[in-house]
Amino acid sequence: MLLASLVLLPFLGSVLAALMPQDARNRESWLAIGVAVGGLAIAAALFPQVAAGEVVRAEFAWLPAEGLDFVLRVDGLAWVFSMLVLAIGLLVVLYARYYMSPEDPVPRFFAFLLAFMGSMLGVVLSGNLVQLVVFWELTSLTSFLLIGYWHHRADARRGARMAFTVTATGGLCLMAGVLVLGHIVGSYDLDVVLAAGDQIRDHELYLPALVLVALGALTKSAQFPFHFWLPHAMAAPTPVSSYLHSATMVKAGVFLLVRLWPALAGTPEWTWIIGGAGVCTLLIGAFVAIFQHDLKGLLAYSTISHLGLITVLIGIGTPLAIVAAIFHILNHATFKASLFMAAGIIDHETGTRDLRVLRGLRHKLPITATLAIVASAAMAGVPLLNGFLSKEMFFAETLHVGGDRNWWMSYAAVAMGMFSVAYSLRFISVFFGTPAQGLPRDPHEPPRWMRFPVELLVLACLVVGVAPGVSIEPLLHLAVVATLGEDAPAYDLAVWHGFNLPLLMSVCALVGGMLLYGVLRRHFDLARRERVPLLHRLNGAQAYETTMLQLTRGAEWLLRRVGTRRLQPQLMLMMLALLLIPLLLAGAPPAWTVIPVRGFDPIFAGMWLIGAGCALAAAWMAKYHRLAALALVGGTGIVTAATFLWLSAPDLALTQLMVETVTTVLILLGLRWLPPRIESIAGPVQPPWQVWTRRTRDLALAVGGGLALAALTHAVLVHPASDTIADFFLLNALGGGGGSNVVNVLLVDFRSFDTLGEITVLAVVALTVYALLRRFRPAPESAGIPPQQRFEGDPASRQSPAEQAGSGYLLVPGIYLRLLLPFMGVIAVYFFMRGHNLPGGGFVAGLIFAVAILVQYMLAGTVWVESRLNLRPHRWLGFGLLLACTTGLGAWWFGHPFLTTHTAHVEWPLVGELHLPSAFVFDLGVFAVVVGTTMLMLVALAHQSLRAHRHPGEDLTADGQGGAEGRRI
Amino acid sequence: MTTATLLSAATLFALACVVLAMLLCTLRLMIGPSAQDRVLALDTLWMCVMVLALLLGIRHGSQIYFEAALIIALLGFVSTIALAKFLMRGEVIE
Amino acid sequence: MRRWLPSPLLSASLLLMWLMLNQSLEPAHWLLGGALGVLAPLLSQPLQPHGHARIRRPLALFRLLWMAAIEIVRSCFNVTQIILLRRSADVNSQFIRVPLDLKSPHGLALLSCLINSTPGTVWVEILPDGHELLLHVFDLHDEAWWVHTIKTRYEQPIIEVFETPEPGGGRT
Amino acid sequence: MSGAESLPWWAAIPVALLLVLGGIVTLVGTLGLARLQSFYQRIHGPAISIALGAGCILLASMLYFTVMQSRLVIHELLISVFVLMTAPVVSMLIMRAAVYRDLRAAREMDPGNDAGNS
Amino acid sequence: MTVLPWLNHLIIVPVLLPLIVGALMIPINQKRHGLKFGLGLASGMLLWAVAVALLVLADGGYWPGGIGVYLAANWAAPFGIALVADRLSALMLVLTATIALAVLVFSARRWDRVGVSFHPLFQFLLMGLNGAFLTNDLFNLFVFFEVMLAASYGLVLHGYNLRRIQAGMQYIAVNLVASLVFLIGVSLIYAASGTLNIADLGARVALLGAQDAWLLQVGAAVLALAFLTKGAMWPLGFWLPTTYASASAPVGAMLVLMTKVGVYAVLRVWLAVFGEGAGAAEGFGFAALTLGGMATVLFGAIGMLASQDGGRMAGYGAIVSSGTLLAVIGHSGGAVLASGLYYLLGSTLAMAAFMLLIELTERIRPPGAALIAITMEAFAIEDKPEDPVGVGIPGTLAFLGLSFAACALVIAGMPPLAGFVAKFSLFHAMLAAAPEGVPATTWGLIGLMILAGLAAIIALMRLGVRTFWAAGAVTPPRLQFSEAVPVGALVILCVLLTVQAGTVFDYLDRTTAGLLRSGDYAARVLGEPPVLRAPGAEGAR
Amino acid sequence: MELVLAISVGVVFGAGIWLILRPRTFQLITGLLLMSYAVNLVIFAMGRLWVDKPPITPTPAIDPAQFADPLPQGLVLTAIVIGFATTALYLVMMIGARGLSGSDHVDGEEPRE
């Protein structure tokens, strides 16, 4: 629990910090300090156990199925690192209190900073690799948020994105690596993995695992070639740079390598990959650092270089090298954090970080200058400071690389040492010389407590440098033992080891560095150079930006090729898939059993000659001759209806005939608003060959699709039918469903649930059509009164629709159409009543009824009909649906499932016994919905005409429907 | 020759005539040339199908086909007058 | 009576239709058909501005229908002959105008039915100025003969059937 | 031809004749539709199909079923009535549409000429 | 059994309740938004309660095997239509009801007034979704698909502007054609097997002759085309980004759910029919699903990278998630199903929240400004460094930012939220499923999913940075409480899903175990007896 | 008969495919209509073809082999009605799009070069 609270505490603090007001700078800092101190106290409390060599574990069940628990685990290494995180965190928080401007919105800053602290502790304390990845990515995320803290600045946004992209990508690689490791070992538990080193190294997946883990670590620790994000991360506020980007987060990568050293190290691959990256990084970082003009930029490259140094040590992989690596991690954290803070103070006090401007600051900032110079000396590896010790260990280790005769590693190390002396000199050059004039601000020593963290850290550098045995040795020992276990070597942290090769290398580096700096300053115009010599082409940041841009561009390019936003290709692909996929998957058909089938009926064939001919002609004409196409489609429709009739499906024939009628009227109502296509103006926009290619392709697809469906249909038709559920319906319709028309019983009883859904579809579509038409804007060309009605030669052009029907040309037809209305109504009732036993039913009846009303609309116009008949389609719809539902729900009363039919038997005088099945009432609901739907859609469409008639030639785009909207339809 | 063969032959003949008639209608439907020609052809097609339904009824001695003919007789004209009205007035419901 | 049964003839037709459709004379069908015969005209009443036809002289109507039926069959054969035997260009198809005295809409409707059912003639419309019927004749020999035939054989009897007591009756 | 064997000759012969006649007339009507030259001629073709062709078949149907089922089957009369009521409406509307479409087309071709009702 | 236990009636309530409430709303005057909203909300809450109750019943052993069967119209399966509530369908119902509630509350402020009929259409959409999740009959599935689609057509066009209409034309046309394809598939399956009931189909498939088996496979492949068009598998899902980008926010959130219906249908049908015991047909098409799913993931990832606006990005995100699910279903035919379902839960919740969120964030700044901002950043055009003082973030913006980040994390599969857990457990399960030698497709799929996550990170970060961090004065958007609560709730659910991953996985493991026993499933569905009539009530049957 | 119907279904479906691949909305809706016919016939054909055996059972005790398969008929009925509704919807949307965009292209705008 104690362990859990160590990780939880910062997150809790983060939430609290986020909730504070904008200007609560002091309270925020106190909170953060409290969190850090609390964390330190907890860590301290754990010390006795850890010091005793115990591994403290805390487990919480999370995903037991995947063998994944939330495990916190402290050993020496983890403890040392958490102390580092907490202690530097404490100092940084204190520093930040003074660094942040009073206008800065601090809650966000401290919330993110504390969340980072928690994440970092999580990384360090994870006892489970997956959990480690989780916290790992959390550090990337919080780092992203902190770098982007001043997000109104473009460099901050860029830096944040760059850092996040690189480190999060690395994190993904790490996740993959962890998965592979877990797969090899069979567990993600750190202890298990660490114990399975040999198994891992012998596994065929070792190299992928190593590469993936290395990618995670190297990106995080800003190793070549992923180092470029770190300088750009300097857009963050300085406390962030000093905490995340020098002392802790960037150390997560090397921490991971150290952590996994027992599991992964000890192979040539390890040395080459890790060590190789480290060497490149250390040289490049150090060299480039010399030529920076920005204080923080210089420190960033120097950090890269030092991280490279640590990586090299880990890559060398000998136990002593690991000792040196851990040691240098700690040392670097102290001097680099203090240097960043010093740089922050300079920036804060002078308003600039430009090395070309800053001079002579020791006069105005004497204490800061002293501190910074000492810290720089530590960075340069000057004896009696901590940097010297670990660097000398490094030199010593490089000598072992590649045996006795291979010296290149040592040369590289010395070169790096020279460079670091040079950039350290460059850094401290701001304190010397004549004081600069015209700085943005007049510098003063910072507040006492802002400087305090620097002082403390510099003091640590000194203490460790002078008396390593007393100060750092116990800590280091803890970490080393935890990492190396039985392999832990004997080592000596003395300041003086006598005259030996490493010492010579140190001296070379110091002297050579000073010379190099002098030469560069005098002869190479160091202060004015715009570009880094030799390496300026190696611009990772530019490469990153280009990659990102290319990625987007490339994705767009690719998307245009593998995707489309147009409809036609999509439909084409669907049809192509329909044609190919089944064949590809199911393969060629097996030998087909054919039953003797009915012979060729020339009359039936003649009928389909018509149907098919109409379909083809419709396809030919649909572009310019819409009315012709509509009539031709009607031809196919009526042949289809006749086919249904012929082939024993009278219900279908009736429905098809009625639907055909209603569809024709509907499309005509729509065509009114679709201006005609005229051949001459619709010329081809594409070159003809393209048109022809497309047409050929489409034609091939059409022929292929048609053939495929024909073949399938034929295959089924000549194939003996399997044992179907249909027999049940035929046998039970009359006995169980109470009707002899099995199709109708199917619709209102056996599968009434389908019908319920179907009438819902009708209602939904009607509502949608109505809603669309409420906002309908006609095409300008069709908005006015149709030319036919403006034709002066037609007497009807001077009459209202009602007049045309009352006395005009529709008078005589009107007599018939009006006389037919009651007949149609009765026929509708007839079809409704007989439906259960003979062809008919609610659908057909509803359609007949709707068409009967529609004829009246056609005859006398909307206004006339609606002034006499208040048909409220919405109510029909609602009523029908509710009636169907209620009928179904009635079964609940009897304890039966929804839609179970019941029949009431009523004895009537004179008439005899009447059977009233509930299915009949259900069908009535169907009837009402069909009427409501048809009326709502067609009438709403017809209402559009009123607008044109109300305002001839003007106000055509006005919203709403004028008078029609007011009238309930 | 029985009555059955006689009637069967007569029905078949009538059916053939009706289907031929439908073919002719379709021809007119396709070639037009004017829209009213097509409307007329479509209407005649409907009427032919009505006759076809009646003939099928006689052929199979079944009453099941009657309703289809009834529906066409009573409501088959609706789409035709809608088309005609569209041609004449530019809209179906004014 | 008028209120509940606006047109007994229509109601009777509906009942008859119901019985024919159901092919049954059971009491239940009489009841239901009767109810529909009453209900349907009532419900459709608002949409019947011209009311329902009153047949004043049923006998004259039957005579007229019989005569028309013969005429229809005769014309059928005429037209058949023309279609089968004559070249299209030789057929003298013409529009003619027939001045009408008939005013009753129901009468006009009946006239239109007779004319249109008779192959060879198609009713176009009644021209509003002058109340002339515009007619298309498939094969016109003599316009005057046509006008005369229509006026005497069709219009006169129809006027008898519908308009004898008060001319223009039947309109609401 | 289920049950047609039971049909007596006195009924079968008129039914067959009516069927043949009806078929022929229907065909001839549509032949007119197909082969006549102008629309105004073509519209007369289907009239015989509807009047005589359908009529003959309806009669045949009535006769056939009445004899077959030994009861009066005359509900085909309904079809005749409905056809008689709807066919005039159809031809009137199609004809009028054609006339005014042609008139309008003529006016557009030659705006100066105020063509009357042909 | 003469009376159905009343708890069994709960199975049909998720279909009936929205239907009745929707039908009640139809005649209500357009202007009475409050009443309709109240009705809709009540329905939504009740629906949620019923869905949870079904989940408890299914999981609590109330029904044998955790499978509740409801015979609509009291006809035994396969003759009548059977509704089946098992753990999976109950889970989907809960998910639907949850998102629906959030969306309803979200739309209360503004969206339900943009056009007419929002509320009834929404209820019908719920009916269609719930019906599709519950039904066990292929044709009934078609009907519910149509109910759902018809309502979605209306909702996609809701708010009627050119963009929506253009998107709607594409969406509707594609789906109409897909519906026709669906029908062809169903009819072929019926021709081959003589049944429409999915459980019955599973029971019959092994007994079919070679020819019928072939026909069934062709039919199933055709059917899958329809499902996969709705599930947006590449190359059938191009309609999706356009539709998402133009639909109104609440509709977009519901669309997220609808994509999952296609995937659900594939899962249901395939596991029942081509799972264990399918004889020669066993495993039919699974490999194609994997390949298609992988292509879809790749396509979605490319699309996310190429997208500039949130809606489109969300669309491609949905494609990625769809593709992942399909690949997973196909990949091991069930071994990694629990993880797949967990992924489905997480990604659906996050994506729904994201769709709602986009609409809110778009109020921050006009889209035009964003385009300029991105070019400037791409070409590293620095605006002049300003004073290093931060910009205060008011509460609403902080809320939006946090929610955005949470959604982005889940969608990209980044730690620590549900997306990562899902992805990790998927990987783990896939690797664990192949103890000796992991096949190349598995590595390919894992790599692809990681790449897709990366693409999502890059794209979402770009969008987030542009939305929340771009230069210029940030105007805190006007945010209604009723708009924030649903987004927050969905995000919190994602967090809960992560924290309670163990519990959720327990449930999902039971779900998967049930799904893989297709024989038990068939036995339960086909064995459910209809309710017998009481001896006195004669003649009804 | 079977062959005729199969070929016809193929032709109508093919014509439908051709039309739905065309660029104009009216072509698309015409194609959808044609395809629906073909698909309805396919569903119908799955019950095999029966002449004069409508599934109308006069008595409870019947031989099911003497009647056409009612199930496909029920399905087609539903499909017809749903098809009608969706056609209406597409139609209204199509004229709406024409009004808003000024184009009758299926994408709601003329393709850009």
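Order of writing sets the chain letters: A, B, C, D, E and F. Residues in each chain are counted from 1.
In this section, contacts are C-beta pairs under 8 Å (C-beta built on N, C-alpha and C of every residue); 3 or more make two chains touch, one makes a residue touch a chain.
Bear in mind the structure is a predicted one, so any value in this text is a computation, not a measurement.
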| item | value |
| --- | --- |
| Other chains in touch with both chain D and chain F | A, B |
| Chain hops separating chain B from chain A, counting only touching neighbours | 1 |
| Geometric centre: closest chain by C-alpha means | E |
| Between the pairs A-E and E-F, the one where more C-beta pairs touch | A-E |
| Centroid-based (C-alpha) most distant chain relative to chain B | A |
| Distance from the mean Cα position of chain C to that of chain A, given in whole angstrom | 73 |
| Interchain centroid distance [CA atoms averaged], chain A/chain D, Å | 67 |
| Inter-chain centre distance, chain A versus chain F - centres from mean C-alpha coordinates, in Å | 39 |
| Chain B-chain D separation of Cα centroids, rounded to whole Å | 9 |
| Residue list for chain F, restricted to those that touch at least two other chains | 20, 25, 42, 45-46, 51-52, 54, 56, 71, 78, 82, 85-86, 89, 93-94, 96, 100, 106-107 |
| Touching two or more other chains - residue numbers and ranges from chain A | 565, 567, 571, 630, 646, 650, 709, 712, 716, 721, 724-726, 729, 735, 751, 754, 758, 761, 765, 768, 772, 775, 787-788, 809, 812-813, 816, 819-820, 823, 827, 838-839 |
| Chain D residues counted as touching two or more neighbouring chains | 2, 29, 31, 43, 45, 50, 75, 78, 82, 85-89, 92-93, 96, 100-101 |
| Interchain pairs in contact, sorted by label | A-B, A-C, A-D, A-E, A-F, B-D, B-F, C-D, E-F |
| Contact set on chain C toward chain D in their complex | 17, 20-21, 23, 72-73, 76, 79-80, 83-84, 88-89, 91, 93, 95, 97, 112-113, 115-125, 127, 134, 136, 138 |
| Residues on chain F engaged by chain E in the complex (per definition of touch) | 20, 25, 28, 32, 35-36, 39, 42-43, 45-46, 71-72, 75, 78-79, 82, 85-86, 89-90, 93-94, 96-97, 100-101, 106-109 |
| Residues of chain E that touch chain F when the two form their complex | 139, 143, 146, 150, 153, 157, 160-162, 165-166, 168-170, 172-173, 176-177, 179-180, 183-184, 186-188, 190-191, 196 |
| Residues on chain B engaged by chain F in the complex (per definition of touch) | 60, 62, 64 |
| Partner chain B, residues of chain D touching it in the complex | 1-5, 7-9, 11-13, 15-17, 19-20, 22-24, 26-27, 29-31, 33-34, 39, 42-43, 45-46, 49-50, 53-54, 57-58, 60-61, 64-65, 68, 75-76, 78-79, 82-83, 86-87, 89-90, 93-94, 96-98, 100-101 |
